[in-house]
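Structure incoming, see below.
Letters A, B, C, D and E mark the chains in the order given here, with residues in each chain numbered from 1 onward.
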Amino acid sequence: GVTLPAGTATATASSSGSAAAASAPSGQGETTLRVKMSGSGVDTLNPFLAFFDGAYDVFAGVYPTLNSLDEQGSPGPYLAESWTQSDDKLTWTFTLRDGLKWSDGTPITAEDAAWTLNLIMTDAVAGTANGSLVSNFESVTAPDATTLVIKTKEPQANVTYVSVPRSGIPIVPKHIWESQAKNLKDYKNDTFPLVGYGPWTLTDYKPEQYAKFDANKDFVLGKPGFDHMVQQSFKSVDAAVAALRSGQLDYIHGINPTQFKALQADKNLQTIQEVGNGWTGLEINYNARTRTGKKIGTGHPALGDPVVRHAIALATDRKTLVAKVRDGLAVEGAGYLPPAWPQWTWKPAPGEETPFDLDQANKILEDAGYTKGGDGVRVDPKSGKPLELRLGIHADDTDDAGISNYLKGWLETVGIKLKIQTLSMSALNSDLAKGDWDLLMDGWTTGPDPTFLLGIQTCAALPKDDGTAGNTDSFFCDEKYDELFNKQRTTFDQAERAKIVGEMQSILYKADVNQMHFNHNMLDVARTDTVTGVVTGQPDAQGMYPAQSYAFWGYLKATPATAKVTAAKEESGGGSALWIGGVVLLVILAGGGIALKRRSGADDRE
Amino acid sequence: MSALDTPAGLDVPRHHAFSRFCRAFAKRPAGLAGLGLLVAFGVLALAAPLFIGDDQLNVIKVDGPQLSPPVDGYPLGTDQAGRSVLLLVIWGARESLSIGLIATALTVVLGSTVGLLAGHYQGWIGKILMHVTDWFIALPSLPLAISLSAVLGQGAASITIAIAVTSWTATARLVRAQTLSVEARPFIERAKVLGAGNTQIMIRHVLPNVMPLILVSSTLTVASAILSEATLTFLGLGDPTSVTWGSMLQAAFLGGAVTAGAWWYLMPPGIAILIVVLGFTLVGRAVEHVLNPRMVGR
Amino acid sequence: MLDVRDLRVNYQGGGRTVPAVRGVSFTLDRGQTLGVAGESGSGKSTMALSLLRLLPSSAQVTGQVLFEGEDLLTAKWARLRAVRWSAASVVFQGAMSALNPVRTIGEQICEPILLHDKVGQKTARARAAELLDSVGLPSRRLGSYPHEFSGGQRQRIMIAMALACRPDLIIADEPTTALDVMVQAQVLNLLGELVRESGIGVIMISHDLSVLSHMCERLAVMYAGQIAEIGPSKQLITEPRHPYTRALGRAFPTIGDPASRLAPAGLPGDPPTPSELAKLNESRGCAFEPRCPEAGDACRTETVELWPSGPGREAACLRVLEGSGA
Amino acid sequence: MSSLTTAGPAKAKGQGVRRSDLLPYLGSKLVAALVSFMVTLVIGFVIFSLMPADPVRTLTRGRPTSEAQLVQVRLQLGLDDPIWQRFLTFVGNTLKGELGYSWQFQQSVSSLVLDRLGPTLLLMGTAAALSIALGLWLGIRSGWRHGSLFDRIASSSSLMLWSVPTFWLGMILLIAFSVGIGPIPSLLPAGGMSDPSLPQEGWAHIVDVAKHLVLPCLTMVLVVFAQYVTVMRSSIIDEMGSPYLLTARAKGLTDDAVRRRHAVPNALLPSVTMIFMHLGILVSGAITVESVYSWPGLGYLTYEALRIPDLPLLQGTFIVFSASVIIMNLLADVVYRFLDPRVRAQ
Amino acid sequence: MVTYPARRGATPARAVDGVNLQVGQGEIVALVGESGCGKSTLARALVGLVKPTGGQVLSDGVPLGYSAAALKAYRRHTQLVLQDPGGALNPRQNVFDAVAEGPRLHGLTDRLGERVHTALAKAGLRPPEQFAGRFPHEMSGGQQQRVVIAGALALEPSVIVADEPVASLDASVRGEILKLILELRDSLGLSALVVSHDLGLAWNIADRVAVMYLGRIVETGTVEEVLLRPKHPYTRALLSVLPDSGEPPVLLTGEPPDPTSVPGGCRFHPRCPLRAAEQDSRCDGQDLPVLTGDPSASSLAACHLVQ
């Protein structure tokens, strides 16, 4: 499993205020929304190949999807006006809006959608990024321009999540892409303006630098509040914050707690917390094996003992982690699915939570026969090996580094020694698949549909005997869990499905194999003088906003603020001119001084 | 850059070479200042365990304010976990210095051996060694170090090796050049006529004469090794859980200290690096001056 | 033309003072040649370079150097620069390093001409070609670099360059030391001719007494920063008054002289080192006393200075006094 | 009786005229450079194929991926080929100018590198030109009057700057000039190469790019010029003892003329080699500066590649950096030969 | 014959090109000639530092082998004294170690101290204890040269090859060192080959003298014969340029000799003043035989025109 550096999130938007003064005039009275590009960057503009968040942020703006998502993560209309299921739950019929046109004027029809989905279903290359979303599709047809019929092999509850902004499949114009289907692998999709449909049109893009958009005034879900949008890439969030402070950016999604705290005081800025859509936690290699049950890897045998795993859970103080590592800007972890999607969240029943209790941890280990050796490290009575465990952490994740320091400290007090290994993502994943690890720091984010995330804990995710394939995180495999997994897939009733999903999370919680530490809040910051409405929804009692689909609704609904920006900008411009002038003057003076001194002494020196 | 010529005139009264060296060194204020800085840091680093307890650095035991500017009891403020930045900087000296010193030791051993052999055996052995050195010189050191520590896995050990692998060429080239110049001097011929073989010549005659240069170059190597360590760690190739100056800066940088304006977190490790690197450079240059009379007066 | 009075040079550095020249006085008339002999470290070069204030800043020079009545040691730098090369030029020891390796010799010969004679580039080059010709090198080689010449040729180029501004005085510091016997003879011959033709005054420095005795009318022998004996060269060779001159003379045997056959002559002991020089400066007595075969008690206590020891001769030895007294 | 005898007749004929020719010289240097480059390729390949890595799961992290997709990606990236085949493909491609296929950007490394080359050259070129000019000027001045106040200030400040980690200096400058401290307002942009909301052409764009260039360039210059100062200073001091300078003085040249006409040209010789070799290294020095300032160049690309790590991309930038060092070394040889008549003739 | 391998494209330099030279026991032979004529190369060939490309070095009639062991054994009794005593001593070795080095290398370590002190005393450094701890830079040039000689003496050699032993020394010190060599010959029966460009030195100490020109010995014989009644025009020219020769100097013109292109016939003919006067066709046409080096002949000269 892997962490998404900047997570996915959905949001609904509520437009506020009327458009007024420009935040950054780029024409006569035209307005531009300037935001930081997702930290992951854009890997490719080819939506069949792209994996990175940054790319899907762009696609959400420029390619349509069948459905949209509201702020609770429920599917809503977009291209599709309405949809129905057949009684056997195997056939879905979508009615598409009439009269929508691609940016080059060609009408958008059901055939475009059918072609896109069929390509992904049939062509391996086209399925590179999103093949799994349609793996259960039997056929997709477009009987007429406004009707799309999807037949699934087995009943599938989440068909309306398959094509949604950011986490689902973007629909591309068939007339443009048809000719590229042959060499899809090498198609960079970089002729601008990009032919597409969405709130925006991509007019220019420079890798690692920026993407520029024009607003689509006729967008079906509402007209964007700005005339243009620029997404600018910053490697360092601090640099982006500096740009924001000096008025070169309007909005940043995904800052860290320190930055958040530092910016809270700035009255020009609005800091925003959103409910987290991912988890950070510890995975335990309790029993690495292949699908056929063959043992693999070098995991510590004692981890197979639930007592040891539970002791580790008891020795983890989630409250302190939230307070120290995330500055309090996170929710203590328990259930496997993040709080951003409240329909799936699960909490242990009162009394069933694992508390932070070092004494208890010591006690159960002692009782189970793990006695301390001379160096204070307990010894596994079965294998005779001391409880010295490797903890793999991500090299590029500051949270991992922070948490691991705490874990090390706590586990030491219960007689378990940690050896922290910092690994690159690839190295970590390579070790993971081979089972060559004991403990791993990990994290996942997820969109509103939990199927994929739950799926990685099934037996089917274990690797094959030859070491290939496999998608597992912790080699978890439980019959009951698998049974429930299959059941929820075909459960169309939301409440019933949530119950099953909850049961599954309960199994995971008790197994102590995936120990959730926290679900960190998404932290954003926006300039109050240039933009309003980029964050939508109502904050809860703790001031937390619902998870935002910022790249879609947020940017669509954002409008220029009425504040007097120009004055502020001029002031800072004048300041900088003053500064530069001063420096230049100083240099000239110094240079002149040196020259003069030299002249005067030229004769009598040797 | 011959460091061989006899120091300071022909008429130095009989004295042991070392005390002569010390006295000459003592006359260079910059070198003494550098040495002073290094000794101060060295003592602090060595003595750190005496006055820094586990409860001051272990995140689960500290209870300072988080990322706070200097306050009572925390003269240089605290980091995100509430540890005293001052203590961290002192503790960081231990690992930063030892990475620097170990990397240098590796560099010097590898570089001097190759350089000495390449300079002494001017046949095919020398040629091959020289070519190998040249090839390695063509490898850009920072990308190579990055790649190596990416390959070897994260952490102090691989950074140390990466630094050594990328910096031995400079030493080798220097030592080779110096070996060649020593080998061209008449006393080598005299030793040959007296019956000395290759090993004896290398060990008894060339090495002692190349040694001062190696000494100089190794102090400078320590300086750049410490810089490299910081850079590699900053780029995320180090061990973020260990306390080194590089990892402190990385944590500060990634943790948003710039935005928070946490100068007390950013400045001390940087200044510590500056001081130690400067110290080694000053000492190196002073030693060079002392050993190389041509540089007298610089 | 040149009147040097009580010239003293101290090198300051490394916390100590090295008195390299300790009170040297002599005069040189137009067209005269003076040879300065002495062992290594006796202060010959220091003395010569101090005349044009060419020493590094660590050298403190006192005394007077009257050139055409003008004291060069106190002259303004601009004035001194005007004198340099146009009135007094220098031929250095080791011509390879005295020529700039990255400039053609044409450029280097022309440089002082352009600077002092204020002539055009063309005239300067013509003069340079002429000069090169006069030292026996083809003028087409003006465009060559120093390393393309042999040692002897380079020394000739130096000589040509020294003559560039038709100076009144040439100071030649060991112009032939690094050269082979045969080439040395050629260069000396050439220098002798040119000087004789143009009537230029020459101060020539060498450690080889016999070479000097053939080149120069007068000879000065230096020891430990002082002149030990000065006088007409023939006389100094044939009947030296100072024991040091005597020893130096014998160190270069005459072939065929049975006295020196299988009997090399030398002086026991070594010349004073710089720190011994510093001590000498403070004590009385003769600097040569420790090595002198004829030293007496008085040599350790009496101040020894140059005393007349014959017509046009002076020697710094108590024996001279005794001899003249007797 | 002990006796030493050497005996031996000897006859050998042969007249050899030494000819100096630029072409063979260049040829041999070129061949050496090529060999060097080939070795670099091998070393690069070895390093990067040693790396234990499973990029596929890392790359696909953001998307729900099935087993089939993982297999497909592995296939696309050629990860399942045996190592020797990968090596052959790699060498063949490199010689064709193709540096492989980036895992994360899913396009050819060459095109990525070409994209980023411009910004890097702009940054490095400006920084190199400025620091060489500044470094040489300061080095000459302070070497010529070593021990003077000017020298002491110049050399101690360059020593200080040399001792500073580049990235740290970058951060400090970022805080000072871009974030702004206290009353000082933010003066310069914090990152990137241009403000994308402005038009990307015309005079305004040039000014905009120049503004963005200031901080990264300043950082590089500050760290780099120190080396030039040191080198130039010590080669001036080395030259100062040379007798030909004494000759020049004796000719009556002024101090300035002696320095300008005689000392500097000679002192430049050793510095030139060093400067050129350093230029090659400078390009890779961009890594930290570009990362701190989000400058879209090769260094930034390398930093990006490190994250996954994207081995083909890392390998590609590694090769480009090596090539730049090799090319600069080659240039150093050529320029040195051109400048020094002694070498020119051989 | 010794040739140096040349760089590509140039002919090899024949530094020494056909030389017969004998040094008898207790004899001092001086080898003189212009710079670059091959004196040092010959000297180095004699101690086995340069392997001749043709011909051989015989010691007591036994050809010198070039295996490491053979060389070591040979060097036990043949030692070299170099021109620059400062350079010939390792600056990091004190006098004792410098002198003891030879005995140590040859395993003569019992009573090493005594051996070293004896050698130092023989070389005129008395009392030896006072010098043993010094480093080279703490001594004058003359003393350094004595240490070098002591280092050679410590091995009790029978032959000493001295390459310009006094060239870098001061005039007044030079005589003392030459005296030492003479004394050693008298007291220990050492043989010596002294290389020099100074004819006066030959007059001072040598029994026989060999004049070398461009890799060949052109004249050899007793000192009196060769220096007072020189036959070869080259020897005559050399003597004539001495300041106090009394004769008008004969200045040789033409290119200095270049061992990479040795002229045919008599190798001196392009610069020979005699040939210029007499125009004999043999000079540039007919090669001269290598001089036999017969020590009994009082004088031999390699010239078509004399003899």
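The rule is simple: a contact is a pair of C-beta atoms (placed from the backbone, for glycine too) under 8 Å apart; a residue touches a chain by one contact, two chains touch by 3 or more.
Composition by chain, UniProt nomenclature: B, D = ABC transporter permease; C, E = ABC transporter ATP-binding protein.
Predicted, not measured: the structure shown is a model, and the values here were computed from it.
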item	value
Highest C-beta pair count, chain pair	A-D
Remotest chain, subunit C as reference, centres from CA atoms	A
Distance from the mean Cα position of subunit E to that of subunit D, given in whole angstrom	53
Euclidean distance of C-alpha centroids - subunit A vs subunit E, Å	86
Subunit B and subunit D, separation of their C-alpha mean positions in angstrom	22
Gap in Å, rounded to a whole number, between the CA centres of subunit E and subunit C	32
Numbers and ranges of subunit C residues touching at least 2 other chains	273
Subunit E, residues touching no fewer than two other chains	140
Residue numbers of subunit D (touch at least two other chains)	51, 174, 179, 249, 254, 291, 303, 306-307, 309
Parts of subunit C lying in touch with subunit D, wherever the complex brings them together	49, 52, 54, 81-86, 89-90, 92-94, 97-103, 108, 111-112, 115-116, 145, 147-148, 161
Subunit B partner contacts - residues on subunit A that touch it in the complex	236-238, 241-242, 255-259, 261-263, 320, 324-325, 327, 393, 395-396, 398, 400-402, 404-406, 408-410, 413, 420-424, 427
Residues on subunit D engaged by subunit C in the complex (per definition of touch)	242-244, 246-254, 261-262, 265-266, 269, 339-342, 345
Touching residues (chain side subunit B, partner subunit A) in the complex	58-61, 66-67, 80-82, 150, 153-155, 236-241, 251, 253-262
Subunit E - residues contacting subunit B, complex	44, 47, 49, 68, 71-72, 75-76, 79-80, 82-84, 87-93, 101-102, 105-106, 133-138, 140, 148, 151, 155
